[in-house]
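To start, I am sharing the structure in question, which I have written as structure tokens.
Just so it is clear, A, B, C, D, E, F and G label the chains in written order, and each chain counts residues from 1 on its own.
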Amino acid sequence: MMENAIAWILIFPLFGSVACAILRMGKRKICYPVAVLSMVGALWGGIETLMQVVASEEYTVSYIFGGWTLDSYPRGVGIEFHADILSILITLVVLGVGLIVALYSKLPVMEETPGKESIFYTLFLLQVTGLAGICLTGDAFNLYVLIEVAALTGYGLIAMGSKRAAAATFNYVILGTIGASLYLLGVGYIYIKTGTLNMVGIHDVIEANNLADSATMQVAFILVVVGILIKMAFFPFHAWLPNAYCNAPTVTSSLLAPLVTKVMIYVMIRMLLSVFGVDFSFELTLWTDFMPWLVVVAIVCAAVMALAQREIKRMLAYLIVAEVGYMVGGVWIYNYYGMIGSIFHVISDACMTLCLFLGAGLILRKAKTTHFDGLRGLFSKMPLTMTGFFIGGFSIIGLPPTCGFFSKWYLITGGMVSQRWEYLVVLMFSTMVMVVLFFRLIERIHLAVSESGENLGHGHGDLGLTEEQTRFDEGPLSMLIPLILAASVVLIVGIYNQDVVNLIKIFLAEFNLPKGVDY
Amino acid sequence: MIDWFAMLVGGSLFLFMVPLLYRIWVGPTAYDRILAVNVIGTKTAVLLVVIGALFDRVHMFVDFAIAYALLNFLASVVVSRYLNRTAAERNVEEKTKGARA
Amino acid sequence: MYPFVVFVLLLLNWIIFSGKFDAFHLGLGVISCLFVTWISQDFLFYDRSKGLKERMHEAWAFLCYIPWLTWEVVLANIHVLKLAMTNKGYMEMAPRVVTIKTILKTDFAKFVFANSITLTPGTITMLVRGDIIHVHVMSQFLEDDLLSGAIEKKVAEIFEPGVLQKA
Amino acid sequence: MGLELFNTMILLLLVVAAIVALRVKDLLTASVVFAVYSFLMCLLWAEMGAVDVAFTEATVGAGISTVVMVATILNLKRKSSD
Amino acid sequence: MLKKKRKEQERKMKDSSFIPVLAETMTSSLNDLNIIQIFGFLLGVLGLIFFLGAAVGMLRFPDFYTRMHAAGKGDSMSTMLMLSGLGLVTMEDYSLGSWLVFVKIMGIVLFIYLTSPTSTHVLMKAAFEDNHMPLDEKDLKKAKGKKK
Amino acid sequence: MKKISLIPVLVVGVLLLYAADDFPEWGNPTAPASASSLSSHFISNTGVDTEVPNMVTAVLADYRGFDTMFETVVVFIAGMAVLAILKGSSGPFSKNKKYTSSIEPDLIVTNTVRLLVPVIQIFSFYVLAHGHVSPGGGFQGGVVMGASFIMIALSWDLETALVRFPLDKCFLVAALGIILYGGIGLLSMFLGGEFLDYAELANILPVSREMARYHAMLGVEIGVGLTVTAIMFALYANLSTEGKLKGGL
Amino acid sequence: MSAPEAIIVEDIRPLIAFVAPLVGVFGIAWAGEKRKNLRETFTFLVAIIQASAVLSMIPILMSGKIIEFHIWQVFTHVPLLLRVDGFGLLFACVASVLWIATTLYAIGYMRGLHEHAQTRFYSFFAISLSATMGVAFSSNLLTIYFFYEMLSVSTFPLVTHMQDKEARTGGRTYLGYLLFTSLCLLLPALSWCYVWLDEGNVAMDFLADTGKVGAFGQSTQIILLCLFTFGFAKAGIMPLHSWLPGAMVAPTPVSALLHAVAVVKVGVFCVIRVYADIFGLEVLQNMDGEDWMIAIACATILISSLIALSQDNLKRRLAFSTIGQLGYVVLGATLATEQGVGGSVLHVAMHACGKITLFFCAGAIFVASGKKYVSELRGLGRKMPITMGAFMIGSLSVIGLPPLGGFISKWYLALGALDRDAVWVVVVLLLSSLLNVFYLLPVAVTAFFRTEEKENDTGFKEAPLGNME
């Protein structure tokens, strides 16, 4: 049981989802506990694996499916789950978010998709399976398969939403398929040149045969990276994201928004560092020079678009696009601290986006709208929800006790050390945009400002709200507790950040990333 | 001998596919197209056997050919079925329109 | 009894497909044939009232029918070749739709009849409605040939001897 | 030699089929032409020795893909918008 | 396995130019020809001719219904001929296995003979019910006149 | 817009061609893809490891069985997603038909299909069961099997097919397929190996470790076949009727 | 500021001073709007606990020790560490003692005006005091940054307390300036210090890392100095000062807190900290760009005084006065001499006392008479003699007349300037004192010596007792 913990991470949700599918007829209510239980099981597996990874000598746990052990078979026979610290960290994030969203899902699923609960939970659990698998796998093709698992479930989950969701899903399908195909092409090219699909194996072959100059590998690199960039909704390819997340059911958007893009960033980091290698990725290509500029464009555009939105979910979606820019930038400024920042931001962004979307779901449920105008005076109505929501918001801004501050700190430090001033400036810019966004929201929610901005009531706290609008009326506990849980995770990750960062540092120790510059 | 024969058959089959493709490209109606596709489908079955002969593994490729022979007919059924249905719907529509007028 | 016949036929089919005679594969074959018999044996032999002997007779008659049909097919192809390749044949072309009323009663007989018409030169079954069959014919000559009812008689001989006697 | 010849011809026809499938505006025609594309793909796989893939392509291409596409088109407007 | 075979062939092709090799293979193979193979060969060529007829018919014939005649008949016939030709030609030894393969090939023929008329009929029916009236003699004559 | 969208296509094409220049020669035994220890291991050891003559099946179902499991899951997801989108939807795409016209089943087609369906089904079983020795396997067999049901639906009407294979059962069967696949993996895990380590099944089966892999592969292929069959049919049934399961093609 | 050889003692009292208000918030929130007395008892209690904790540390400091409390290891090399040294304790004393006063005042003020959302007001008031304590006791740049941000955010609800359009605008400016500077200027500066050579050589601790910045190049040092000076925008250096008058819309206790005790003083406190303990006086003196900073500080002093002259709204006038006074403090720090820095430290305390008196008086006037403008104050001195008397004393202290506190600090500043041979700075000091006279004294003079134009508006008496400090 213990030595197979890493396999249980996937087995639990997989079998849970199948169980949900079988429970289609009649017993729909059982799906919720099944989902929660399988998430708990998976989380147990994740924590157990983390223990194993930390306890192991090289900080990796290698688990090969099918019993093709490394001592009697060459590497790449059989599919390997290669859990190092980075992958298990992101896996834990995925599982944690999955568990919290599963807890949260009881009421919204019943209300928003009546009659489809079992389908929903099936897809939900498979989504988590796919995402966790993406993090853990050590095989380039298996990665593709799992990306497809995650993407297809995502399509299904999003399309269950409002009427416009189908059209939004269509965009997502097109772009997602293009991205996945490019990635697949890239993997094919890699295989042609290296003869293996195992990530460690590919890296070894590249090192041994000095394949960095080969045109095939270069093209493969471009294909893989562009494919992943498309999948993660990097700026020019972001068009699907806002519509999809806005029209999706509450639970879907709370699950997908924190995870999908972040996991793809994990894939990018994995590809750059572990598969192609640092030298190949950063030193020998022109990418390092111009990617930060792309990031600049991406962040500025996304931030400006976010500024123009008048609906919470849509605004958050654009914020995600901007955050993706942060992380991509953190990777491509090619720097030790930037990399720490990126990885840590993946974790913290998942936490805070979860927080925000859970909050938005509750707001939607109570206020029946997420448009800014409908939010007047919500604070006095649901103070706990709003507190949770704004903890997420503060984290996105980057205010100290929250985890957002620490990731941003490392990103800034990275930009500083590698002297990428353009990245720094744009980081500051978008931070200010987020300040504006969230304090505008605070004004709306806290001070009951209407969109037109005219004075309401007669001053001195008279907001022109009826008694009913201000009466204490929190959301149901089954939704509120996950939100508070998420908010406290944001704080806890912030407080315990140095433990996380130390783990990340252990992971990055083997890569020769530039650390500092003499001034 | 076998190679030579297979090459002859295969090559000419490919050549004769060109008019069929032309029919698909031009084919005034959908029926022409699906007809040509049907023909190409059966010829694909033959070609598979031909390739099998070239590889000297007919017993393997025959399975594919069987699959084609069994399933190729689905395409024409489904297309005709589709056209039938749309035609019927159109007829009903015209009738109701006429009634209204 | 019929399910068993179906099973045997399917097993024969399996053996032809498989070509392996070891116990493992044959066992798999038996299992699959049982399964297929279970899920879709009612597709074969629609009319279960007929006895086995009658069926055997039908099968034999049908086998005897095949060579004739094959010859017709060859003729049909030569006809097409003539129409397609020679200008004269092309000029002779005079397509029309002919309606015939068949004496055949059972569906399967109608099916064999219709398909035989399709396979014989210059004629294609367009529509079967009850006992009315619309046939697309390429030329006058073929129309006369069709209306003589040779194929119908042959088919009737195989499947519905009773009908023919009545006629 | 034979295989080389086949290869060239299949590829040529494949390109033609692909272009036709993309150019036609009628969705039904497009899906039908796509069936041709799939046949040729199957031949290509077979010719390159990837028999399993060829078989998959054969079953899917001949049996399923056209049916599913047409079934979908049934619920759409038949002409593509551009 | 397939790769090996292919490699051999390629090596053969590379070693010398095309025509002498072809001639050589032809002559050498002619030596150990047997009746069945020659028969199969003839069948194959016959099938090709019929298929050519079908293809030309597909091109030349004036309307869908007439084209259907070409396709529906020429297609199945040529397939039958070619497949049986191939089946005969590729029969290496007369073991049970190779006979089974031959039977399978004939099975393909059977299936095609079952499905081909059906699909022809189905398409005909669909077109007919879709108010595509077939050309009659007069129209055809007009069309022919135009062509001339 | 169409012209602009051509640009990325061309760029990708040029990139691919540019890289193709650098490819190792086709079939070159010294090229990394064929010379790597992996390929040679597969070529020389497949028979030893698994007793399966068809290398492709061995790689798919055993060496990379984990991939295949998730590919099956992908198929399953496709069915579920279509159900999720279409079920109970007023139909974002629907034309809002007020009338339905029924087409009576055609005599010739139904008779042909009657004759063909059992053959197709037995062929699908053959394909599935002989995946070890010849091309084929669960996926292809499943597709052929699913096609047989689709054929029934096409020649009579959807209701006839649904009587034979109700949609509820469809998803049950699909789930069972995955459970079969995963269950074999789980069983081998409980018997002391890794997940999907079929060799451990030799502990409960009266065969050698290699033959255990052989038989487990068959079981796995059956799982794949079940899922694919059910999902293919469910896909067709849902897509052609916008999830209403009435009318349709 | 602090002698490196001082003995370090672990003690929990700094934490108590920091945490007590935070705990109190729960009590305040629990008591809520309905149990007013209980709520305000809580506020009082917390304020007294805090003050006593702070005051009880004086003897330890007097004996030459330094108190530390390790809260949390935030980064690998930078902990969240509370440390009490002389300067910090001075500031903490001022803040905590004045908080008691402010609480007392606030109770009267809020009840007098029947303000809404008083619970929120008291809660955030407590939080901001807690943050102020944190700043006062923080031992490194990171800690100070944490509490600095905490203060910014927690005072936002106080500034926008009125919830009307004016309050929102003020709040926006307030937050815009503060967060912009802290996130965009301060944060890079901090991370610059964090990784300047390699990890492990962080220059963040006020005690251990003083002067490490000297290893940077000259231009880098100047940039860093600018980033820090303008990053702590709470200090109100001239280009970034306009949030301060904008934030005047807040209720008077808040204004008092903002402009006298917590916010602005935190700003200058941070600036002095950075100047004295991160750069160190030696480094500063050797820096080329120093004179520019002095010039900016002087300009701030003069310009703000001039603007203050033209303001009619009493609180706005006081706000600009505050900007000018903050200029003194920064000036003292930029002078980078012992006496200059000492002067500015003293000025922090002196100005806090003086200015809070002025604000309280302004608030008292508003509560009692509803008057906001200087021109309306005619004859008020006779109706509210105590209030206006206090106002007079406060004004004189701010102006810097010899017996009062303001004089001492200005004296030291002048000495510091002379140490640097910057006579022109002394001239500026004198000039600005003159200006102070011009804009502060007229208020009192108007109140006492001008008779009211209308005699019928005599319905109001002294302000409530709570407001009379």
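Operating definition for what follows: a residue touches a chain if its C-beta (ideal position, glycine included) is under 8 Å from a C-beta of that chain, and two chains touch if they have at least 3 such contacts.
Given the structure is predicted, the values throughout are model-derived calculations rather than measurements.
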item: Contacts common to subunit F and subunit G (chain labels); value: A
item: Chain pair with the higher count of C-beta pairs in contact (A-F, D-F); value: A-F
item: Separation of subunit B from subunit F, taking each centre as the mean of its C-alpha atoms, in whole Å; value: 23
item: CA centroid of subunit E to CA centroid of subunit F, Å; value: 31
item: Euclidean distance of C-alpha centroids - subunit B vs subunit G, Å; value: 86
item: For subunit E, residues that touch 2 or more chains besides their own; value: 2-3, 6, 9, 54, 56, 68, 76, 97, 100-101, 104, 107, 111, 115, 117-118, 121-122, 125, 129
item: Contacts with 2+ other chains: residues of subunit C; value: 17, 19, 114-115, 125
item: Residue numbers on subunit A that touch subunit F, as the complex places them; value: 4, 7, 11, 14-15, 18, 21-22, 24-25, 63-68, 73-74, 76-79, 115-116, 119-120, 122-123, 126, 129-130, 133, 139, 141-142, 145-146, 148-149, 152-153, 155-157, 159-160, 163, 166-167, 169, 182, 185, 189, 191-196, 201, 205, 209, 214-216, 218-220, 222-223
item: Of subunit E, residues touching subunit F in the complex; value: 3, 6-7, 10, 111, 114-115, 117-118, 121-122, 125
item: Footprint of subunit B on subunit D - complex, ascending; value: 1-3, 5-6, 9-10, 13, 16-17, 20, 26, 28-29, 32-33, 35-36, 39-40, 42-43, 46-47, 49, 51, 54-55, 58-59, 62-63, 66-67, 70-71, 73-74, 78
item: Interface residues, subunit F side, partner subunit A - complex; value: 12, 15-16, 18-19, 21-24, 31-39, 41-42, 62-67, 70-71, 73-74, 76-78, 80-85, 87-90, 92-93, 168, 171-172, 174-175, 178-179, 182, 185-186, 188-189, 193-200
item: Subunit C residues touching subunit E - in the complex, by the definition given at the top; value: 16-17, 19, 73-74, 76-77, 79-81, 83-85, 90-91, 93-97, 114-115, 118-119, 121-122, 124-127, 134, 136, 138
